[in-house]
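Given below, in the form of structure tokens, are the structures.
Each of the next two complexes has subunit A plus one more chain, namely subunit B in the first and subunit C in the second.
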Partner chain A sequence: MRKSLLAMAVGLLLAGGVGAASAADKLKVGFVYLGPIGDLGWTYQHDQGRQALVKELGDKIETTYLENVPEGPDSERAIEQLVRAGNKLIFTTSFGYMDPTLKVAKKYPNVHFEHATGYKRNPNMSTYSAKWYQGRYIQGLIAAKMSKSGVLGYIGSFPIPEVVSGINATILAAQTINPNIKVKIIWANTWFDPGKEADAAKALIDQGADVIMQHTDSPAPMQIASERGKLAFGQDSEMIKFGPKTQLTSILDTWGPYYIERVKAELAGTWKSEDTWGGLDSHMFAMAPYTNMPDDVKKMAEDAQAAITAGKLHPFKCPIVGQDGKPIECKGGDHLDDGQILGMNFYVKGIDDKLPGK
Partner chain B sequence: MQLVLEKRAERSNTIALVSPLIAIGLTIVTMVVLFAILGKNPLLALHAYFIAPLTDGYSLQEIAVKATPLVMIAIGLSLCYLANAWNIGAEGQFLIGAVAGSWIAVKTQGTDAGAWVLPAMLVLAAAAGALYALIPAICKVRFGASEILTSLMLVYVADLFLDYLVRGPWRDPHGFNFPTTAEFDPVATVPLLIEGGRLHLGSIIALLVVAAAAILLGRTIKGFEIRVVGAAPRAARFGGFNANQLIVLTFAISGALAGLAGIIEVSGPVGHLQPGISPGYGFTAIIVAFLGRLNPLGILIASLFLALTFIGGEQAQIAMKIPLDVTKVFQGILLFYVLACDSLILYRFKLVFSNRQVSRGAG
Partner chain C sequence: MALVEAIILAVLAASTPLLIAATGELVAERSGVLNLGVEGMMIVGAACGFAGAWLTGSIFIGALFGIVAGMLMSLVFALMTLGLAVNQVATGLALTILGIGLSGLIGAGFVGERITPAAHLAIPVLTDIPLIGRVLFGEDGFVYFSIALIVGVWWFLYRTRAGLILRACGDNHVSAHALGYPVLRIRTFAVMFGGACAGLAGAYLPLAYTPFFIPGMTAGRGWIALALVVFSSWRPGRLVVGAYLFGAVTILQLHAQGWGVGIPSQFMSALPYLATVIVLVLISRARTGGSTAPAALGTVFVPDR
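Our next item is the complex of A and B:
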């Protein structure tokens, strides 16, 4: 018995060795994930993108991922481990990996890095992100139409420009429908914590909000809104199964096409450091079907989506007035320019709250 | 009929020494079964976990980097536990040390402050950690408050205080509102030992701490007092040892070491202050202290071993596509076997055939 076990083990070892050798000439692509791949939100969507990549180019590449990598000192090691395992193109998929990615990138100039949602670049380090504020604008229109109380509930993660611009886009849109719309904001100070997110949703509903919007990643707020018979928007992924009668729409992160494009460039030897910031026209994200709303609201949402995609409607169209009543300088002609949106650090007029740290 | 745990009359010293090895052996056997069930090659998996990280300089460095804070905190905790003082709040002392040291780094940022910055940061961090640990210690000796509860609750206070600072006054003005300070200046950074690597001066400091603790416990009267107060409180009282004084002393030392570990982590591998600087080092160190049997050398080995499981776990994820959860299961199984083996050294199973209630306090 013992001998046969040993023989089996040796056999397995040899089989493993052969498998490893045949994979050696494929391009190795690595991914670093913030959450578990089963978070049903942010990390889940990145992994869906990776799977789309494997489906498309699986015969030429081999992918590896590290999940649940905290945004502290461990992330630098995780990234470097992927480099040392022979990965030549590495996607680091959270803002907090910015400095660690840059450190490793400087150390390994022959490896290419792609950092999601950051702003630091290097000749071998690109950044990529999406103009989610466009989707938020559409959500703002729907929310204002659907809210009976005129109070929206917004669960923020961190007061970084990406989140702040989402809040502003929502309110600017809602004000075109209902000039007196109110928004209550709770900062969860986390990207993924179902317990905290659920508590925030409960608190917002108790304060009179009847449409819940979230910039955190778990489906917990959707479930709470569903229990209380309110409406809500999903985040990152399709969340309709958590609120079949609750979800109005959801911003779907669709990373697959981008990952395929970048890996193709790497395979062709044409990869170079870029800053990609894609909108609805670039398929970096999509809107989930418009559900649980009357046909006229649905039509309005679809029209707005078409106008934004065609470049006819800009969510940050001037004039935009800040909380202090003074107009914001208009650097992009008839709308705010990308730099102003990427560094957005103010609330627009009509938000009855104080931006943390201001 | 009942199955009871009965204290053994005598314990074998040899068994006590090999018990951790038996535990590791049993863990490996269990993992082989688990890998086989998962359809992974057990030999390759074990190789990825235990051998691969030991075969190249880079991984060895990473193991040392990961083990450094664990060693320093666990050494301090072991002194407390030997003296029967239950400091559970090393995580908080770690964070307060990091905050106090970072204060100097943040305030001197961009100025041409000299080489005094880093030493001052280390000293201030140790002092702050010690003071923070003295709160539960003094509450204990003065008012009889449970140090387990007070030290644990102060962890959350420290955590939220750090959070407030990096979101408010210390936030990097060019950091797009993200909760972090700016990167520390080079004079506020722990120097690297190997160019291009991550091994830093902190690992040397950790080794010095191990040596100092070994001397303290093995060669000095104070060390003897600590051990006697913990092992035989009555004998210690007859010997005129002041148990309260030792609680205060061991808490202060362990707080200072945790604080020092905090600032070394922040000014070394991290490079700036941010929330989440500790993935629970203060709590993992409690496990390390007991795995190392509250012995300085044992703690050094235990922390290196635990660090190995982290690094090996990542390599197994990369090389074998083994999920991270398996690494966590692996660490849990290891602890289970260590505790089980320890229990069976001190106790044995006995079948009791009468219906008489076995009183618990009698033995």
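Our next item is the complex of A and C:
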């Protein structure tokens, strides 16, 4: 009973969240957000992208967004609602919207969909994502240099390839500085729960980690690290306000240029289903200023960033050894190919933990 | 040893908001009112509590703001369900939805701001005792207050005449009314007490737990508090067990992951729920006495005069 009531509550929330939108011949563009736009993380950055879009093309388009839409089958209704409201291009901005987006896309072939971080496409459904593992690699280098205990603390959300490849990139980079570096991993099993993220950060620090990295969305871990006098990396957006003496850098999602490009294509009638996976060279994300570190570490980070941007350094350069001690097949020549990284479901050697579900 | 102490401190911090919110809801339900709006009252309490502390620089005033905000929310509920005899389940759900929206609006101007969290008690010598010093003598005021609160509620419900009358309203409102007790007035006070507790529990999050405000930061804790009341079979003693057990398993599973015990994290995340349900059900089964739910829980009462 209570469960069905909860489901009802969620349904009502969705219904309540639809912003008003109408006006005749403007192109309607819809967004589905996972968290609240004030989460200062993932959803906040997507909304910054939307605002950049409105600023650039506001006279030709009209945008609507739905926030706090839970992942999974429930999101299907939210997406369909945007279609019914007349949106012709819909961005669904979280991995868990993949199957619901595909389902709605097949139902409405005349509407175009853009799904973030997934891998399923359709003639009217594109995917887009960023090569954050490049940023994680730079963070791994910094972390290994800055850690005194040699133990890094990593807060994961869900064991999906995007997060796993981030962990592997971090540890591969850290091993080039300190071959004995250890990483402790805690899965929060949520993208957003400040209290739980804070508890995870406390647990990691209590177990000896002195550099905290997170793949969840709230600034709580940064704040705990700051309280305890440790170091940390931000997530998705600039979090230095929560740890002025704590934040080393942060991977900043910068969706604006991509959203503008895709909407321009839609307006021009040249939109087609594509798979975009942008790295540091494509401005899909950026690194926040390197702070709270000595100049030589900063220089190292900047050099690594330049090398990755120029394509001279690949975080998953072969040989890469799995946890079982056997080398991973190298499908991309001298590095893992994109498919291997997008579907990454193994830990590399040096991580003393078991990947959940393996 | 330091690690054990750290774990206990984290458990207390994680359990306190659940205990406070559940205590309030227990009193409301004991009077016969099912208020499913705990999550909504909590999140409004969080937003107003943070606003109060940020504007005045005082955690205490922030907590008061949270209490008053929760109480105002519960008054809306009381007006609907007691005054107008509207369905309690539907109104409670609506209250949660209203609260989530309202808190976003109230808190919008405060997102990204920081405050200094609630101070922790520091008594020379006592607080420095290894292992138990910081646990017993080094907490913030909310933790001590939550314990005093549940003890006070237990005393009120089982050792005072007023408590007996409140329970009578929850078990049989017709008889209580026939005896001349003002059922609706008593229920209104019980609901307001529940609202005040939920508001305080919500305020605890930005004032002591994670000192910033973000929309949705209660992340379902109100629903957990509601479930704890049911699984504790409306008994204050079992509620304490349930709340601390839930907090303890939540923190321990995080530590277990950090140690790398190799149990799937999805299972670990479900563990607090499983453990709490199993333990509380076992406690309930061990003692006889049939159903302990207030007999008139959730039913509408319109006095015939």
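What we mean here is this: the second predicted complex is superposed on the first by the 334 of 358 C-alpha atoms of A that agree within 3 Å, B and C clash if a C-alpha of one lies under 4 Å from a C-alpha of the other, contacts with A are read in each partner's own complex, and residues count from 1 in each chain.
In this section, contacts are C-beta pairs under 8 Å (C-beta built on N, C-alpha and C of every residue); 3 or more make two chains touch, one makes a residue touch a chain.
Owing to the predicted nature of the structure, the values given are computational and were not obtained by experimental measurement.
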item	value
Simultaneous placement of subunit C and subunit B on subunit A, clash or fit	clash
First, second, both or neither for A:159, with subunit B first and subunit C second	both
Partner chain in contact with A:356 - subunit B first, subunit C second, else both or neither	both
Partner chain(s) touched by A:189 [first = subunit B, second = subunit C, both, neither]	both
Which superposed partner A:68 touches (first subunit B, second subunit C, both, neither)	both
Touched partner set for A:241, first subunit B, second subunit C, both or neither	second
Contacts of A:218 with subunit B and subunit C, given as first, second, both or neither	second
Offending stretch of subunit B which, after superposing on A, collides with subunit C (from 3-11, 183-191 or 201-209)	3-11
Doubly contacted residues of subunit A, that is, touched by subunit B and again by subunit C	9, 12-13, 16, 36, 68, 159, 189, 356-357
Touching residues on subunit B, where the partner in the complex is subunit A	41-44, 58, 62, 65-66, 163, 167-168, 171, 176-179, 183, 196, 198, 265, 269-272, 274, 276-279, 311, 314-315, 317-319, 321, 323-324
Subunit A - residues contacting subunit B, complex	9-10, 12-13, 15-16, 30, 36, 64-68, 70-74, 76-78, 80-82, 84-85, 95-96, 99, 107, 119, 158-161, 164, 189, 343, 345, 356-357
Partner subunit C, residues of subunit A touching it in the complex	2, 5-6, 8-9, 12-13, 16, 35-36, 38-40, 68, 153, 156, 159, 184-190, 192-196, 198-200, 202-204, 206-207, 209, 218-220, 223-224, 241-242, 352-354, 356-357
Subunit A contact footprint on subunit C (complex, rising order)	2-3, 6-7, 10, 13-14, 17, 36, 89, 93-94, 96-97, 100-101, 104, 107-108, 111-112, 114, 205, 209-212, 214-217, 219-221, 223, 227, 250-251, 254-255, 257-260, 262, 264-266, 268-269
